[in-house]
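The following pair of complexes shares a single chain, subunit A, combined with subunit B in the former and subunit C in the latter.
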Partner chain A sequence: MEMFRFIVRKLVEDRVALLGVILIMALIIAAIAAPVFSTFPEDVADFHPKNRLLEPDSMFWFGTDRMGSDIYSRILFGARITITIAVVAIGASVLIGVPIGLVAGYYHGWFSEMLMRVSDIFLAVPQIVLAIAIAQTLGPSIENVILALSATYWPFWARLVYAETRSIQNEVFVEASIALGASPFRVMVMHVLPNISSSIIVRTTIGMGGTILTAATLGFLGLGAPAPSPEWGRMISESREFLPEAWWYATAPGIAIFLVVMGFNLLGDGLRDILDPRIRRSVHRDK
Partner chain B sequence: MKLLVLVLNRFFWFFPTVVGLMVITFTISHIIPADPVAFLAGDNASNEQIEALRRQLGLDQPMHIQLWRYLIDLTQGNFGNSLYTLRPISDDLSSRLPATLELTFMSVLVSAALGIPLGVISAVRRNSPLDHFLRIFTVSGLAIASFWFAILLQLLFAMDLGWTPLQGRSSGWGPEHITGFFVIDSLLTWNMEELRLSLSHMILPVMTLAYPAMATIVRFTRAGVLNAMNSNYVLYEEAMGFPRRVIIWKYVLRNALIGTVTQIGLIFGILIANAVVVEAVFDWPGLGYYAVQSILMSDYNAIMGFTFVAGVIFIIVNLIVDISHGFIDPRESR
Partner chain C sequence: MTTETQDTATENTAKEDTVLSIAGLRKYFPVRNAWKRRIGWLKAVDDISLEVRRGEVLGIVGESGCGKSTLGKTLMGIHPPSGGQIVFEGNDITNMKPGASRGLRSSLQYSYQDPGASLDPRWKIGRSLHEPLEIHTQLSREERDKRVRSILKSVGLPEGHLDHYPHEISGGQQRRVGLARILTLHPSVIILDEPTSGLDVSVQATILNLFSDLRQEFNLTYLFISHDLSVVRMICDRIAVMYLGKIVEIGDTETVFSNPRHPYTQSLLAAVPIIGGRRVTDNFWLQGEPPNPGDLPSGCRFRTRCPNVRPECADKEPELRSDWEGQEVACPYAE
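Let's look at the complex of A and B:
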């Protein structure tokens, strides 16, 4: 709790990281209160041919799309998809990667070696390429995007936790708890994990931004949620045949993706400065 | 001597990693789909056709035999035939590889040529307005979706201002085929018109790919330079009255670049991956464009072929990065 208060106090001091928090809060509020804030909540699925491709005005704030639906309302509902994909996919990656990294880091032997080699092989393929291959095989849906992303992102956490576990396992407090007869499980969960949690938090925050970008890319390629889902990447891909006349069509979803990814990156950078003094964004040791 | 061990060790791990990659694509293509044959045959195939295809492809064999045959096939460069071009996938991929490599090499070149000096300047003038501007610029570069950025550039420079071509690799026939790299080929045949065309077609895709790459390079170079500037040898050199210019661009940069080189290697792999969407937006006839066409056709053998080739390129790049580390940083090989 004290740690939490410390982080909050530091974050408030760091204006840039605070901006990140505000952007993420905006995403969460947009996702939860989408029906409240949207001007045409029924526009996610309905279409109104006579309102097709209207420029932004006082009625349709961000213009309308090819179906005549209000883009502003669709963006708000799209926030739900973005946040679901990011939270579930990253959550699954953490749940897979962290235990693997802990076990491989704690024990020494062929099994640890094998676990790390497997995650190295996954890291040897560009994430977006592997995600495309998996999502294509499974078929386009939100669930499959989540599956594809979790299957490709877990090795980042396995690698990180492995390295961190190896680096602290000879610390006195770890050796002491082993000497006191603590079981390996207890040592890993009660003593190792809390001490490496800050790197996990930083990696997870930055990972959210990257995952949202990859998910949007899958949507853009037609591998995400099927139409008429208001997925932001899909909206941008739909807009392409109406350019350059309908310039507003791609603008709003693109800015939405940009702001959300920016939010997570800024918060991640800020948290790293606070939690991990070894790798500061800027070195302050002036001569 | 240590350097030799390092190089051999990296080479030793190359083959198991590639085999591991094959096992991943095998798992995706043979185990994840409920019935891979029905998947391959398409929606309109009858049951007899599916059974015939299953025997023909050897998918009625036990799993370990299938895996073995798959590994042998891939090692010989046999990925099957494409549903989109009806040609062997390996031919399709190798004829498109130069276009993608040309784009990625150019983007790496541009991003490093701009990113390293900007990173150094940003570090040297820390907290100046320029540094703050570069920070906003780089943070934005890492948050922007490249497919969206590509569309914005098209809207502005190609459709609105008409300064650059909208898409494609050349509006002519392309230079005489020698290497498949249009810039090199037009230089070899001294075809200036084609050189101008291929360079102008490259501007927007390279801008799209190079922006996030450059952002990463600026950040890493800045951090590396700041770190190196705090070392004792810099203090010593300052005390000895070395010109600041020499200290920074000769001694500090060499140390700072170690991290940057790793990043450039990783960036190269990421660029090949990002080329998928960028090539799709600019109709650039490379591997990525082929992959997107294959997605549209549900041609999953071709997608696996692309995944495998992209993975192998990525592994080779990382191998080169690891080895060049040993040469740049003598500590690594001691």
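Let's look at the complex of A and C:
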């Protein structure tokens, strides 16, 4: 709790990170309150051929698409898909990667080596290519995008946690707990994990941005949710036929992706400045 | 008849008196080259045999890197021993990990050289003090709290410190917390690793007094690892002098200090400055660095620095000789 208050206080002081927080809050509010804020909520599925490809005006704030649907409303609903994909895929990656990294880092032996070599194999394959392969094999759907992203993202957490565990393991307090008789599980969960949590939080925040970008890429390639879905990447993909005349068609989802990814990256950078143990320790020494 | 009964009685007390006995204990670390091939062994602890009597303070002294801390950590099971036997309270604990056989291990505890670093920086003092009890006992939260508070009083810390983080208290207080953490388990033997290092002299004195008080209060036996000879002389009943992983001299503190017989002990004691005494340099003949412990000289390992070295010293490793009352020396030419 004290930790949380400390982070909030520091974030408020850091203007750039605060901008990140505001952008992410905007995304969350847009996702939750999409039916309230959208001007034509039913336009996610409906189409109105007579309103096809209208320029932005007072009625259709961001213009309309090839089906005559209001782009502004669709973007708000698209935020839901973006958040779902990012949270579930990153959550799964953390749940898979952190325990693997922790176990591989704590124990020294062939099993640890094997775990890390497996994660190396996943890291060696270009992420987008692997995600395309998985999405292609299993067919385009949001579930498969999430599966593809989780399968490709977990090694980043495994590697990070592995390295941090190996370094924290040399700290005297870890050895002291072992000498007291603490079980490996206790040492890992109660001593090692809390002491490396800041790195995990920072990596997770920055990872969110990357995941959203990759998800949009998969959507753009037609591997995401099928047709009427207001997924941002898919919207940009659809707009290609009508460029450059219908300039607004790609602009709105493009800016949405840009702002959200930037928000997570700014917050991640801010959190790293606040939580990085080296920087924090020097702050304590100055006091 | 009477003499017989007496003999068995003394034998029994002698057995009961030994709380920790070490026989031929070895800890070798592999020395590897750039390709991770083993090219030799670093003999940090090499064939050490010791008996620790109940209630005594046994000092282990020697230069940095002579294997004092490794000896302590091997006894604790932090390093698995390479050979030999450790018998604690009549049970062989040689290859037990610290987590195994909890009842036994909880009564043999290790106090770290740097108590600040031995506390989890993210845990409040109170939580760190509860941890040993959580691991080793089934006590409820209230019972644990009661015991923690009583121990805290014994080591002379205010209860308010329970809510502090380790970096918020001083070095002397961290030392007290480190002790309290161990004492919650009511151990019988505590290995104190350089317990006075990093403390200024006045704090050192109070901490040493605390050790004596706690020893009486909890019936403790100490293994006092230190390189500070004046402190060792003050607090220890017996001392063992280590050189490169081996004990070269062991005996009652006063005997060893007043009449050191091994040339290494002699030079080590001569290095202690005495107010009004001779200048240290006059009789300090120990020169140079000790040889690389990964590449020891043949025969006596002290011969490269020994003032009385003879050609025969290179042939055979000297054994401890118990030719004197209360003193054993590993030098065939000691008088």
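A few remarks follow.
Heads up, the rule we're going with is that the second predicted complex is superposed on the first by the 276 of 287 C-alpha atoms of A that agree within 3 Å, B and C clash if a C-alpha of one lies under 4 Å from a C-alpha of the other, contacts with A are read in each partner's own complex, and residues count from 1 in each chain.
As a convention for this text, contacts are C-beta pairs under 8 Å (C-beta built on N, C-alpha and C of every residue); 3 or more make two chains touch, one makes a residue touch a chain.
Worth saying up front: this structure is predicted, and the values here are computed from it rather than measured.
Bringing the complexes onto one copy of subunit A puts subunit B beside subunit C with no clash.
By the document's definition of touching, of the two partners only subunit C reaches A:194; subunit B does not. With both structures placed on the common chain, the touch criterion links A:258 to subunit B but leaves subunit C unconnected. In the superposition on chain A, contact of A:171 is made with subunit C only, not with subunit B. Contacts of A:129 after superposition: subunit B is touched, whereas subunit C is not reached.
When the two structures are aligned on the shared chain, A:250 is found in touch with subunit B, with no touch to subunit C. Look at A:118: by the touch rule set out above, it reaches subunit B but stays clear of subunit C.
Of the two partner chains placed by superposition, only subunit C is touched by A:180; subunit B is not.
Set against each other, subunit B and subunit C touch different numbers of residues in subunit A, with B touching more.
When the two structures are aligned on their common chain, the gap between the nearest CA atoms of subunit B and subunit C comes to 8 Å.
Overlaid on A, the two complexes show subunit B and subunit C touching no common residue of subunit A.
Chain contact summary for the complex, subunit C toward subunit A: residues 73, 76-78, 98-99, 102, 105-106, 109-110, 112, 114, 117-122, 131-132, 135-136, 167, 181.
Remark: subunit A residues 171-173, 175-184, 186, 191, 194-195, 284 touch subunit C in the complex. Of all the residues in subunit B, the ones that touch subunit A in their complex are 16-17, 20-21, 23-25, 28-29, 32-33, 39, 126-127, 139-140, 142-148, 151-152, 154-155, 159-160, 223, 226-227, 230, 235, 269-270, 272-274, 276-277, 280-281, 291-292, 295-296, 298, 300, 303-304, 306-307, 310-311, 314-315, 318.
Listed in rising order, the residues of subunit A touching subunit B in the complex are 117-118, 120-122, 124-130, 132-134, 136-138, 209, 213, 216-217, 220-223, 233, 236-237, 239-240, 243-244, 247, 250, 253-254, 257-259, 261-262, 265-266, 269, 279, 281-283, 285, 287.
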